[in-house]
Amino acid sequence: MDALLRRFRPEQLRELILLLVIVGMVVFFATQIDQYLAARPVNRITTGLAITAVVAVGQVLVVLTRNIDLSVGSSVGLVAYVVGTLLTRWTEMPPLVAVGLSVGIGVLLGAINGLLVAYGRVPSIIATLGTLALYRVVLVEFSGAKTVTTADLPDWLNDIPSANVASFEGYDLRVMVAVALVAVIIGQLMLRYLSFGRRLYAIGSNPDAARVSGLPARRDVFLAFTLCGALAGLAGFMFLVRFGNITVTAAQGLELQVVAAVVVGGVAIAGGSGSMVGAFMGVLLIEILQQSLLRWAEISEFVKDAILGLLILLAVATDTVVLGRLRERWVRIRRRDQEERLAAAPGEAADVR
Amino acid sequence: MKFRSTVAAGMSAALLVGMLGGAVSAQDPVVATPGQDVKMMLLPKFLGILPFDQANQGAMEAATELANPSAFDFVGPTAENSVAGQIEFMTNAPTGGYKVVMLSNNAGDQIGPVAAAAVAAGTKVVTWDSPIPTAEGESVFIAQVDFTETGKVMADMALSILGEDGGKFAILSASPDAANQNAWIAAMQEALASDPKYAGLELLETVYGDDQSEKSYEQAQALLSKYPDMELIMAPTSVGIVAAAKALQDEGLCDSVKVSGLGVPAEMVEYTLNGCAPEFALWSFVDLGYLTYYVSYLIGSGALQGAEGEVFKVGRPISGNDTFTITKDPTRDAGLRVLMGPFTVYNAENVEAAAK
Amino acid sequence: MSADIRRRLIGWEGLLLVFLVVVLGFNMATNPRYLEIGNQVNLFTLGIEKSIVILVMAFVIMTGEIDLSVASMMGLAAAVVAALFEQGVPMEIAVLVALAVGLGFGLINGFFVAIVGIPSLAVTLAGYIGFRGLARLLVEDRSVGSFPDWFTALGQDGLLGPITGPMLLYLVMAILAVTIMHFTGFGRSTIVIGNSVSVARFSGVRVARVKIAIFAASGLIAALAGVLIAARLGAVRASTADGFELDIITVVLLGGVSIFGGSGTMIGVLLSSILVLNLRNGLVIAGITGNTQTGIIGLLLILSVLVPNLVGAGRERFRRRAADRAAPPPGTSGEGVSVRPSGG
């Protein structure tokens, strides 16, 4: 453990802790549920978490800047409905145009949020609570009470959910899951290697300092919301593809699911710390928990949510406590190492930071 | 105490009037006088789904026919605020000057006291699609079909899909609080228990998709994982039935597992033709809206008292019938109803015509 | 600086007052029966449980935390009352147990937030799911009713003329809330914590204790509100009060309490409660659908912050330009009426 702590900061070990919690959970359910690790159930669960994961990637960008986007559920629903309706009228629409349109509408919705927060200086929770309601109103008015049904959608769309990128003995890597993974990886790389990504952390750690030191904080926050909208748009398209039948309540409540995943994944709600990989772990944890509870024959339909709440609390508490211990130990090790080094070479003390 | 005796007196008076009305109307059904100004509110569970929109069309047809100058207001709460929102609309209806509220109740018994208060303040309450279980404050319930029969129809469809030997099935319902779905499920269980014809049908579990496509879809998938020997999903909800059919289709399992229940033909046509959902049932929401508006207009204008035995005539026949009677509702402990009916069972032969 | 804060607050409350006058004017113009006692009673009765929880939510948000579990707690308390009543437990005891459950879970929330140090959003999100789950477990798919007459009378009948017991209770609690927040040491601690936890620690505020007390109060009062809604509606289902948390938080934010804590006033919160109640009443009577109502409140929420900000920014630019022309001594650049939270 000490050796690990010499190489990594505790926050970097967080993903490892979460991974262990998830593995423990999967092992437990495997002993409880018949055929839990068989190909079909695994495919169902992995496909199910793709949409949440894509939205979570966008949410991380926003949360890092000490903001939040509660409108994502309504955005996903609105995009799925509007693009779905357009596809039923213009069935010849090329697939790429449909995807582009989804992302485009998402960008527009995200940019409205971004304008309000970054340039209108409206606190993000207020702005996006407002647009959460407003985007849903637009959807209800636009819908005229018609449901988008799979029958009216072009065939290529209905074939996507079961389409594979790769398959190994029945275990599929579905296109939707691949898209989610790519989004997570690109997001992680962006946070690591792009100066835009690094700036998001700086803005979130201390917005005032970031502004004073001349970072384009407003533009970056605006961009973060716009990107979040774009990803919500993409997720809206995936939602349309997966569920096919879209009503005015589509994706209602998704925002809380995503925020829960992001927070469980260790992204600080006060901004400035967290990673895409962590958030993805959060998505894994919550989605696997939910899906597994649905399938666990030991518990009735009515106990499910009580257990889910308890398990989320337990998972977060374990994570927090273990991380706290690690941090204490890390500080102690660093101090001891520093003292040893000082003792060994007093002359270089000035270079040691 | 005082309040109660007044209510009792009012009720017996109503009963008396009802009996008289019944006696007279045996030969002479009540007919509406068009052109009267009766301000009415059509209050569905929430706005934005097809069945309620069809009911609205039916109500508009009746409003035009009856030349009611104030027609009616089609309002509703948001889906996530359905219960509190309906109670809010009901509470404020007398202040808004409404004579009648036409309610598809989503608030269960919780709307009872509020409905009673509205009646005391001069607003009548006519329910449709989903009644107030205790009938508190309700003049009459316009029942789309007989709720006991719904259970039998679902059991019959299950038998016709699975064959006479039956098989294992699960129910995918709306929410645990949906009064009409609960009544239908109870009626189906009752039918399964009482009629040896259904002995082969085994109900595995009842799960809920909260009338959201995504939740219903995931519930259907979970059922497939949980019960590999399940042969049928019965979904007495228009949202759940399409979501379950889509889940089966995506899994490529339509050969071994089928879907049935209550659905809108326009949304179901694809799954019925490809065999995922060979049979399902529904009534006409347009007719239901039409009949509800007619009854409400008659009650609001004072032509009907909302009493047992009253007979009345509507402007156009509904499934060949244009004369209806207010009777006791045998499916509830209290309350009156007008029974519309009948069910239409849809299959590959008639679904395309109905979908248009 | 304090003059600046005062100006800001007056500005906010002034704005809410203007909104309120507009809404009242609209209601009186569109509905002659708006001012009738019956309608006024209806208007308050419909939102009384939310209004009560709003008072305590203001304290929670003032410390910079959030409690997403309140509506689920309301549902759980109602379900506890219903389940015990079904078992034949006397109603008085059932109510006490429900309140104890609220207090207990409130303490647990407080423990995880203040002692373990988990973000309140995560803790209360777990409560939001879990408490609703427990309510579901207790009453399953049933609708429990037929409560004793005295219990339903509590929620439905007038106690003082047409004014119901819960309305009187709310009045007392509102006065208490204003007093505690602005005229006691506890209120000052609450606000200091919201401004900066480290400053609070340095100045001797027992941060953990205050936070636990507030979360416990939040649980208890949410449970009380749950009991009251059970009495008013006369029946309990597991979904009772579902989704109320967003309405409650919306009103507190509209009242001018910063989501980051540390600023806002109880008066603003009371004003925004009354504003939203009247607005909904007017819209419902005018036959406006629920979606449009929600949209209008969402728009109001955004505009209440956006408009002063834009006005402030415009004024600042104007002042700066004027100041440039007059070539003032350095360091006197005017502070705008920015309503942006400090983000401590």
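Should a chain be cited, it is by its letter among A, B and C, assigned in written order, with residues numbered from 1 in that chain.
The rule we apply is simple: a contact is a pair of C-beta atoms (placed from the backbone, for glycine too) under 8 Å apart; a residue touches a chain by one contact, two chains touch by 3 or more.
Since we're looking at a predicted model, the values are computed, not measured.
K.L.:
Please identify each chain that touches subunit A as well as subunit B.
P.N.:
C
K.L.:
Between B-C and A-C, flag the pair that has more C-beta pairs in contact.
P.N.:
Of the two interfaces, B-C and A-C, more C-beta pairs touch across A-C.
K.L.:
Could you state the distance in Å from the CA-based centre of subunit A to that of subunit B?
P.N.:
The answer is 40 Å.
K.L.:
What is the distance, in whole Å, between the centres of subunit B and subunit C, each centre taken as the mean of its C-alpha atoms?
P.N.:
37
K.L.:
Suppose each chain is reduced to the average of its Cα coordinates; what separation in Å results between subunit A and subunit C?
P.N.:
That pair's centroid distance is 29 Å.
K.L.:
Among the residues of subunit B, which ones contact at least 2 other chains?
P.N.:
47-48, 78, 80, 176 - these are the residues of subunit B that touch more than one other chain.
K.L.:
Touching two or more other chains, which residues of subunit A qualify?
P.N.:
Those would be 136, 140, 302.
K.L.:
Subunit C: which residues touch two or more other chains?
P.N.:
Correct list: 136, 140-141, 291, 294.
K.L.:
So in the complex, which bits of subunit A are touching subunit C?
P.N.:
So the residues of subunit A touching subunit C come out as 66, 116, 120-123, 125-127, 129-134, 136-137, 140-141, 207-208, 256, 259-260, 263-264, 268-270, 302-310, 312-313, 316-317, 320-321, 324.
K.L.:
Per the contact definition, I'd like the list of subunit B residues that touch subunit A in the complex.
P.N.:
Against subunit A, subunit B makes touches at 47-50, 52-53, 78-80, 176, 205-208, 211-214, 217-219, 221-222, 224-226, 228, 239, 242-243, 246, 249-252, 266-267, 269-271.
K.L.:
For subunit C, which residues count as touching subunit B in their complex?
P.N.:
31, 33-34, 36, 38-39, 42, 45-46, 136, 140-141, 143, 145, 152, 156, 232-244, 280-281, 284-291, 294
K.L.:
Would you mind writing out the residues of subunit C in touch with subunit A in their complex?
P.N.:
68, 112, 116-119, 121-123, 125-134, 136-137, 140-141, 246, 249-250, 253, 258-260, 291-292, 294-295, 297-299, 301-302, 305-306, 309-310, 313, 338-341, 343
K.L.:
How about subunit B: which of its residues touch subunit C in the complex?
P.N.:
Touch residues, subunit B against subunit C: 41, 46-48, 73, 75-78, 80-81, 83-85, 87-89, 91-92, 94-97, 107-114, 117, 121, 133-134, 175-177, 179, 182.
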